[in-house]
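Letters A, B, C and D name the chains as they come in the text, with residue numbers starting at 1 for each one.
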Amino acid sequence: MAQTIAIPGQLLGPSSKYVAGPGTHIHEANLYSSVLGTVTVVQPEKKNVPGPAKRLTKIAGLPSSSAQLPTISVSRTGISEKREVLPEVGNVVLCRVTRIQPRQATVAILVVGDTVLEAEWQGVIRPQDVRATEKDKVKIYESFRPGDIVRAQVISLGDQASYYLATASNDLGVIMATSEAGNVMYPVSWKEYRDPETGINENRKVAKPF
Amino acid sequence: MADRRRINGPVGATTPPIFDKPAAPAAAKTRDAIRKIFLKTGITPSASGSAYLELENPNPKRPGNTSLKLSCTVHGPRALPRSAPFSPHIILTTHVKYAPFATRQRRGYLRDSSERDLGVHLETALRGAIIADRWPKSGVDIIVTVVEGDQDRDSPESQKDDEGWDMMNVLSGCITVASAAIADAGIDCVDTVAGGVAALVCKDDKTAPTIVMDPIVAEHGSILAACCVAYLPTRDEITNMWFKGRLPGADMMVYDKLMEKSLVACRCANRVIVQELNETVRKGQGIS
Amino acid sequence: MPLDTSTYNLALLRVDGRRWNELRQQKAQMGVQPSADGSAYLEMGNTKIQCIISGPNERDTKSTSSASTAPTSGGQGATVAVSIMIAPFATVDRKRRGRNDKRVQEMQTTIASGLAAAVQGQSYGPRSTIHISLNVLSQDGSLLACLINAASLALVDAGVPMTDYLVACTAGSTSSYAAADEEADPLLDLNTQEEQELPFLTLATMGATDKVVAMVCESRVQLTRLEGMMATAADGCKGVRDFLDGVVRDKGELMVQEGAIGRGEVVSSMDLD
Amino acid sequence: MSSTSQHLLLSPAELAYLHGSLSLITPGPIRPDGRSPTQFRPLTAETGILPGTNGSARICFADGTEAVVGVKAEVEKTPVSPYEFVASTEGRKDHTVTSTPQKKIRKSKKAPAATEGGEDEIAMEVDEDEEAAAAAALDKVRGSPDWVELSVEIPGLRDDDSGTIFLTSMLTEALLADGEFVKKLWINRRFHWKIYLDIILISPPLSYPLPLLSLTTHLALLATRLPRLKSEADEDPMFDDDWAAATFLYPRQDTSSGKAASSKSSKQTSTAAAAPPASRPPITLLVMAVGDNIIFDPSKEELAVADSAVAVSVAEGPSSESEPESESISATTTKRNLHLLSVRTIDPPSRLTPPGVPNSVNASAWGTMTAATAASAAAPASASASEAAAKHPDARVTETEDVVGVWKAPRGGAKFAMLGAMVAKVLERGGVAEEVLDGLEGVDLG
């Protein structure tokens, strides 16, 4: 049956029974919708008692297990194909390299997660965020070239002009590159692309193709 | 010596031609409801959100029976220009622009001070509703174009209304149409905002003044005072209020009654918004 | 209505009863605006000007867009930014000046370059700005001169190091260009009536010395009379400097009484020339 | 960006502290500068500072914000709009416009279905000689709003900046709302006074400039004098060029008629302040609400945590007959007949302030639900919010309950009752508006 429709400002439920997901807001201990769309309630997945939690790069306390409330959210699927999404910290994004400077690579963020962005957001990849290993020996022009399509992860909101991105894991990096001669290249190793016609290798920070 | 090439007009002032006597306005039936509103969202594909609003003219004398036409487009949330300082919340900019043909007095293409004033009112009304810190470092532009102002074309020139009461009707229309357009654009809002106007009118100085909702300027003898309110119905809060005019005494009674009446007008307008938004979602579900 | 200078030769008295080399009545106050780093209010006759100084502070380009700037001490020192706002009610008939009024911008540039010569800006470094905003409350002749005097008084109040007061005065010549009579003698410190009628020039000198920092003359003057007018203007500047110096010393005296600066250290720190 | 919020850098913790201290109920709000909720900051005011203007005033707040207002008046020809011409021909009087003001013509208006030729004769009787008393003619006269031009100049802001325009239209609206002011500018049917009110803010605004500008305008209008009209009804206006005989725009309610003339330019320090004029120009007060407390004349810091702010324009009308005017002239006991002119909500800069991060979400504060963190007192909902934080330490702040002491920009608007209470508090008998008006009367009008 069609999910219930939510108008901004519509009461969804007491905040003691639900957790606020995207598209909702809390006002005086009640949950209200803040976006026009359909309501979806997500039950928290049954948490089997996890083994020793894999050591995260950052020591973060274990979430206590007492809060098992369903999260309620309002999604705009179907309203209009143009869904306005803002790159959030932690999202994996696809972007195109627009400018290369010795101290940073400027990129235009095109796709966040799986939604194609309509607005153009600018991102920056700093040399120390290109690789997880040997961070100080990274040369930008050996990792990216203008026109490459890069898969990166947002690591911070950055400054007033651009987000800060990183390609510091194996499956992040250049996924499509065009060679000097201008034809599409294919990856040969974790740091080289080869031009099929001229056979010349060019250095890139290659994303592990899956 | 006069410039020979230029043919100068007659020296003294001449009076313009006088057309036939316009028919006197029909006796306004006491209307205790707001004018019918037509609201449609998603009319401009290129904008991320848009809406179109029309107010029906209860006693039409001209072919088109509307007295107010507004079109609103929302562009955003989009990246801020490089020079803008860092802002942890969305930067809201509103523009209200009259089309040159919208009012009896033709307006130019540059925004004059009254339009900028309406823009500031609209910004205050909407900023209360928008949850700003959901969209850090981004900006949204809300542009409302007044296609037809709420001015009666037939009232004789001598009653030329220069008090600006029609601006309040235009502002309440702008608030309603902008709120629908923002919801259409998917910008997080605490509630839908509805605009409403109530006025203290009196036929002539004998009869006691009465309070009327959604006043038509030409219909009433003279308007003593009016107020335009932007209202959040579910939260029961007012984000913008603009009162102007002269109340007979200093007693707050008349002032409070005027305000309550305008809130009733807001609730009626809000019903139209809710119905239209439901419509768009239902239509959206139909497709997907 | 043209000023009939004909009667001048009879009693050698001007319209407002002054002699040829008399300055108008001057009143001045320092520190009129507590929230500003330096401020001064100056009246020369009916020309009343209030000057506010904010700075030297880090240069934010937004506010100095409408002002005209000039670097001090050859580019190593702070920049001086001057913005003038003439009140619509300043002149007899109300006139609202648009944003980029050419005459105002020209005055701003003259004052900025003049003050840049007087201010020792190297102690502040090239990235800082001294923003001088001048508000003209009432205008009755020799506007540029009064602006310069008010600005230098306010700079003293703001504690900006300067080699000397930058003082300015106007001087005119009694007969208009056409009359070409020989014994036309110069006039000092003109008001609006005299300015509209007679040729005049504005001279800004470095304190009492005869070093001319800025000179502006926008009317046709016979060369033979120019020298006399400049000499008169230079004397006028000496008179203005003495007046400004008096105001500053009174203010200093006041500050000592209020204990702002100890009496002892005042004498030692001043290297009396 | 409203002009007030530019250079105010307050951290969320300071904002939360300020909001907390201002919204205290028991001992009432504690303001950073220790004022009582209805206490105004001290200001120095003087009038008649610019001889070249018809009226001028200067007010300087203790914190240094200073405004100067100059009023200049010019005679302007009233454009005879053709339709008035039509209206007068309807009255079928002879075409030469020499008759006395409209009021004397008694005409019966038939239903205007008159045929084109309009041959029906409407009885019309013109009394040439019987001159209506000036007051009677005055109320028939309707000035038009474009006889007054008001301009505001704020350093650092362009004059077509939305903030400046909002201030200008608010001040103009207060002046024109009840139409009394424009009636004073009427000379005769062919000429009227055109008033230019130019307001200059000398220093960049330290707090919201509205109250300062409106008080200075009030004083300048009180001090404005127009030359005395010597010509008769509709002749070309001739004025008495003796400035001492100039009449005040807001005439004084003086016992001795000569008082106004005698108290001319010479500064009378000794005599008691002239009796308050019958009606006074409007003043606009800025009222702010935090929690349930209503605060007047807010400084910049207070405005940065305001839940809602309202500008209320009030004027003192002539004492209406309905209220018996108490005989004693002394300012304190005269019952002021205040009436409301215009009210506008101001967008408080608090909506543009950055939010604080509650401990429950703040990863650096072990954003977990250990009993020790203050968040545990909040609803458990914030518990799983920290779960989201664990997913990625600095994920964007998800929606959480309002935690006491953590600053969050106010959302939504103000309650209806609160807005009504703010306006009522300004208008009430012996309230703030009267206190300000009494204070302004103390200024000796030069």
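The rule is simple: a residue touches a chain if its C-beta (ideal position, glycine included) is under 8 Å from a C-beta of that chain, and two chains touch if they have at least 3 such contacts.
Treat the numbers as computed from the prediction; the structure is a model and nothing was measured.
Novice: Enumerate, in label order, the chains that touch subunit B and subunit C alike.
Specialist: A chain counts here if it touches both subunit B and subunit C, which gives D.
Novice: In terms of CA centroid distance, which chain is the most far removed from subunit A?
Specialist: C
Novice: I'd like to verify one number: the distance from the centre of subunit C to the centre of subunit D, where each centre is the average of its C-alpha atoms, in whole angstrom.
Specialist: Here the centre of subunit D sits 37 Å away from the centre of subunit C.
Novice: When the centre of a chain is set as the mean of its C-alpha atoms, what distance in Å lies between subunit A and subunit D?
Specialist: Once rounded, the distance between the two centres reads 51 Å.
Novice: Once you find the CA centre of subunit A and the CA centre of subunit C, what distance in Å lies between them?
Specialist: 62
Novice: Centroid from C-alpha atoms only, then distance subunit B to subunit D, rounded to Å. What do you get?
Specialist: Using C-alpha averages as centres, the distance is 23 Å.
Novice: Enumerate the residues of subunit A that touch no fewer than two other chains.
Specialist: 25, 27
Novice: For subunit B, what residues touch not just one other chain but two or more?
Specialist: Residues 87, 129, 131, 136, 190-191, 232, 235.
Novice: What graph shape do the protein chains here make by touch: line, ring, star, complete or other?
Specialist: Topology of the interface graph: other, matching no listed pattern.
Novice: So, with touch as defined above, which chain pairs make the list?
Specialist: A-B, A-D, B-D, C-D
Novice: What does subunit D use to touch subunit C in their complex?
Specialist: Within the complex, subunit D contacts subunit C at residues 49-53, 56, 60, 62-66, 68, 70-72, 74, 151, 153, 155-156, 158-159, 196, 198, 200, 202-204, 206.
Novice: Which part of subunit C faces subunit D closely enough to touch in the complex?
Specialist: 33-36, 46, 48, 50, 52, 54, 63, 83, 85, 87-94, 96, 99, 133, 135, 137-138, 140
Novice: Which bits of subunit D are touching subunit A when the two form their complex?
Specialist: 363, 366-370, 379-381, 383-387, 389-396, 398-402, 411-412
Novice: Name, in rising order, each residue of subunit B that touches subunit D in their complex.
Specialist: On the subunit B side, the touching residues are 13, 15-16, 18, 20-21, 24, 87-89, 91, 113-114, 116-117, 119-121, 123-124, 127-129, 131-133, 136, 156-158, 160, 162-163, 190-191, 227, 230-232, 235-247, 249-250, 252, 255-256, 259, 263.
Novice: Mind listing the subunit A positions that touch subunit B in their complex?
Specialist: 2, 5, 7-11, 23, 25, 27, 32, 34-38, 76-80, 82-84, 86, 118-122, 157, 159-161
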